[in-house]
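Below is one structure, written out as structure tokens; the observations come after it.
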Amino acid sequence: MHDNSPVARWERRTEIPLAVASVVYLAAYATRVLAHGLWHLWLDLCGIAMLVCWAMFAVNYAVHWRLSGQGLRFVRTHLLDTVVLILPLLRPLRVVRLYETVQRRHGEPRLSLHARVIAYAGMSAVLLGFTGALTVYQQERGAPGASMRTFGDAVWWACETLTTVGYGDVVPVTPLGRVIAAGMMACGLALLGAVTGSFSSWLLQVFSREDEGSGDEGRPPGG
Amino acid sequence: MHDNSPVARWERRTEIPLAVASVVYLAAYATRVLAHGLWHLWLDLCGIAMLVCWAMFAVNYAVHWRLSGQGLRFVRTHLLDTVVLILPLLRPLRVVRLYETVQRRHGEPRLSLHARVIAYAGMSAVLLGFTGALTVYQQERGAPGASMRTFGDAVWWACETLTTVGYGDVVPVTPLGRVIAAGMMACGLALLGAVTGSFSSWLLQVFSREDEGSGDEGRPPGG
Amino acid sequence: MHDNSPVARWERRTEIPLAVASVVYLAAYATRVLAHGLWHLWLDLCGIAMLVCWAMFAVNYAVHWRLSGQGLRFVRTHLLDTVVLILPLLRPLRVVRLYETVQRRHGEPRLSLHARVIAYAGMSAVLLGFTGALTVYQQERGAPGASMRTFGDAVWWACETLTTVGYGDVVPVTPLGRVIAAGMMACGLALLGAVTGSFSSWLLQVFSREDEGSGDEGRPPGG
Amino acid sequence: MHDNSPVARWERRTEIPLAVASVVYLAAYATRVLAHGLWHLWLDLCGIAMLVCWAMFAVNYAVHWRLSGQGLRFVRTHLLDTVVLILPLLRPLRVVRLYETVQRRHGEPRLSLHARVIAYAGMSAVLLGFTGALTVYQQERGAPGASMRTFGDAVWWACETLTTVGYGDVVPVTPLGRVIAAGMMACGLALLGAVTGSFSSWLLQVFSREDEGSGDEGRPPGG
């Protein structure tokens, strides 16, 4: 926690600005996708904001590379960072983690282990769904024979995809939209599996703790 | 269990009337939704019953707030209670819990841990499905292009949604219906995940106990 | 295992005939459903076989009731037996269990715990799927607007329902068909969840055992 | 690990050639399925390659049989090997395992237990999906009323089937295509269940380790 290596110091200093940049990037992207008939200057501003944010990510990646002292192996050992550099829309998923860190510093009472896993995986799934709906909507909009006509349709599609319900009333038809959808399915399955699994464990824990509580004269807990 | 704080005493005294009010609220709502051509007086009675029940929930919430001695923080620390105050249809989910408590007082033999989690999560899922089918049906009824035409369709839709099968033969098309459906998917996924997970653990336990049982000369159970 | 109470002796004596009767019942039912244009005498024979089998189940239920010495409470404490008496098609699910018992007596090497749970839940799911396909097909056959036209369609529908894939190309449309389908979804979800959960635990076990095996000079297992 | 029985020595010697043959078999099959208008000689070469590979599998099976010293029981005790002999397309699933072994010999840092299960089950699912898409596409291509028209459609179908989303926009309609699809659903469900379960356990572990890490003055890990 109080690690003083250059990497740790760099991370402590940059985590807040990078998190802000992640959110700004996502917001600017959403504006560009959703706001069709906007004043051109505004769209250009969004584009510039995205470029600036991406430059920050690139600088951060370069500094990490430099500090690691590794050669080309860095790309392989930090595969996740490399992926996030190429797909900056996935970056806000990290903000979920950061929120937890900040809250802890402020001395807030902590949630139980299961509750935190549920919150973390659930919020990641929501962010992933929103990002996926945005990108797939951008691909599908205007495609011939598309069943996804409004952004509302795209959000509804993301909901039924992440929960694996899959009615099939709204479906991506473009090749790129399908590739993004397949990625979203894989990630969403794992995230919602984590939510479900943790919820199940937590419920079992609650019920078993109650058992111990009701027979509290007999056997002191941990005694 | 024998806590004598004012909150605990208030809860012991109010749990039965509040549970009855929850069920009455749900029944009155169901009557209003399902019984179209009913005598007007009857529909008005249902409306009044719903108002009275909701007033009871509000009083209960206010008393809890008062007894807690907290200011506005109460809204945040008792988030679940606040949500249930705004959406009283979700209240019967608590009755499932109460049923278990009452049964225990009557000295009924208790189910095993896994069986209770399965029963609790399963009954919650059934109640959630029924409530969801009611509210979504109210939204969809008469919408142009709706595939959900009868309440039977709505119940069938709730079944295939909660189990994440999702054939897509019956699908909500109105924005509000889709929002409710998305909430139902998320809750149902967690509840049925708990059922599945507990069933799996329970089956493993049954099979492993049987193994020990077949070698019963060697090692007496619990000896 | 060597319990000599009257109930245990009755069970040991009747388990094989009852298992045979269960399979005969299912086979006769399948013949009646699938073989339309059969010679009438044959269909009547099937009907008689079903009646005889059901009479055996009823006698078994009555003997159990008598031996238990309970009054009407028996119906509630043996709820599963009561359900199986009313829906004898579910009886073959017990045969899966019996097969395991018989195999053990013959001194066959036993499978590991996880493998047995997977085998048991998997075989139950297959039987449930076959039975469900039969009964739903009987309801849907000839219904106006039915998408389930052949028994092959029904089996395909059972596959996609039990695995919760739910394409929606084949869907029950009659009320009774949908009720049976909903029951099948609920049971299938639990059974396949058990298969999945056990497979996951088993895979983790295999991989973790391999870890211990590769460092076998260091730390003897269980030493 | 350093087992010197004839079986172990045979396995050590043949694992690399057999893995290569598995991949060659899959590649040759994919070429035959996907490359319609190819020069005939090329297609014939693929067919010959498939035959040669399959001969290698048969020889390997025969040697194992001989070395085991078992009679016809071998077919039953090595059921998986027998299945793989008949369906050689499933063989590359073993290569996933081999890759891990080779990596270990080269002294690569090993992944954690959960990460390895995720990687193994995930890669198996990808291979299974690709193989399934190939074989189902071969059946469906040109069938009347087929919704699977290109290989892209087949891959998209495999994605939505393995994740159990099942939109139903692309669906097999031929009997053989549906049989293969049902097999793929069953295997895919188990594999992705393993991925989900392991991911969930791993996330719980990461979060719980972090808890211990934050109070690191109190209790040294493993001390």
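Per-chain residue numbering starts at 1, and chain names A, B, C and D are given in the order in which the chains are listed.
Simple rule for what comes next: contacts are C-beta pairs under 8 Å (C-beta built on N, C-alpha and C of every residue); 3 or more make two chains touch, one makes a residue touch a chain.
Note that this is a predicted model, so its numbers are computed, not measured.
Note that among the pairs A-B, B-D or A-C, A-B reproduces the B-C interface, with over half of its contact pairs the same by residue number. Looking at B-D alongside A-D, one finds more C-beta pairs in contact between the chains of A-D. Look at where the CA atoms of chain A average out and do the same for chain C: the two points lie 42 Å apart. Centre-to-centre separation between chain B and chain D, using Cα means, comes to 42 Å.
In whole angstrom, the spacing between the mean C-alpha positions of chain A and chain D is 30.
Contact with two or more other chains is made by residues 164-168, 196-197, 201 of chain C. Chain A contributes residues 164-168 to its touches with chain C in the complex. The residues of chain A lying in touch with chain B in their complex are 152, 156, 159-160, 163-169, 192, 195-197, 199-201, 203-204, 207-208, 211, 213-214, 216.
Residues 1, 104, 113-114, 116-117, 120-121, 161, 164-168, 171, 173, 175, 178, 181-182, 185-186, 189-190, 193-194, 196-198, 201 of chain C are the ones that touch chain B when the two sit in their complex.
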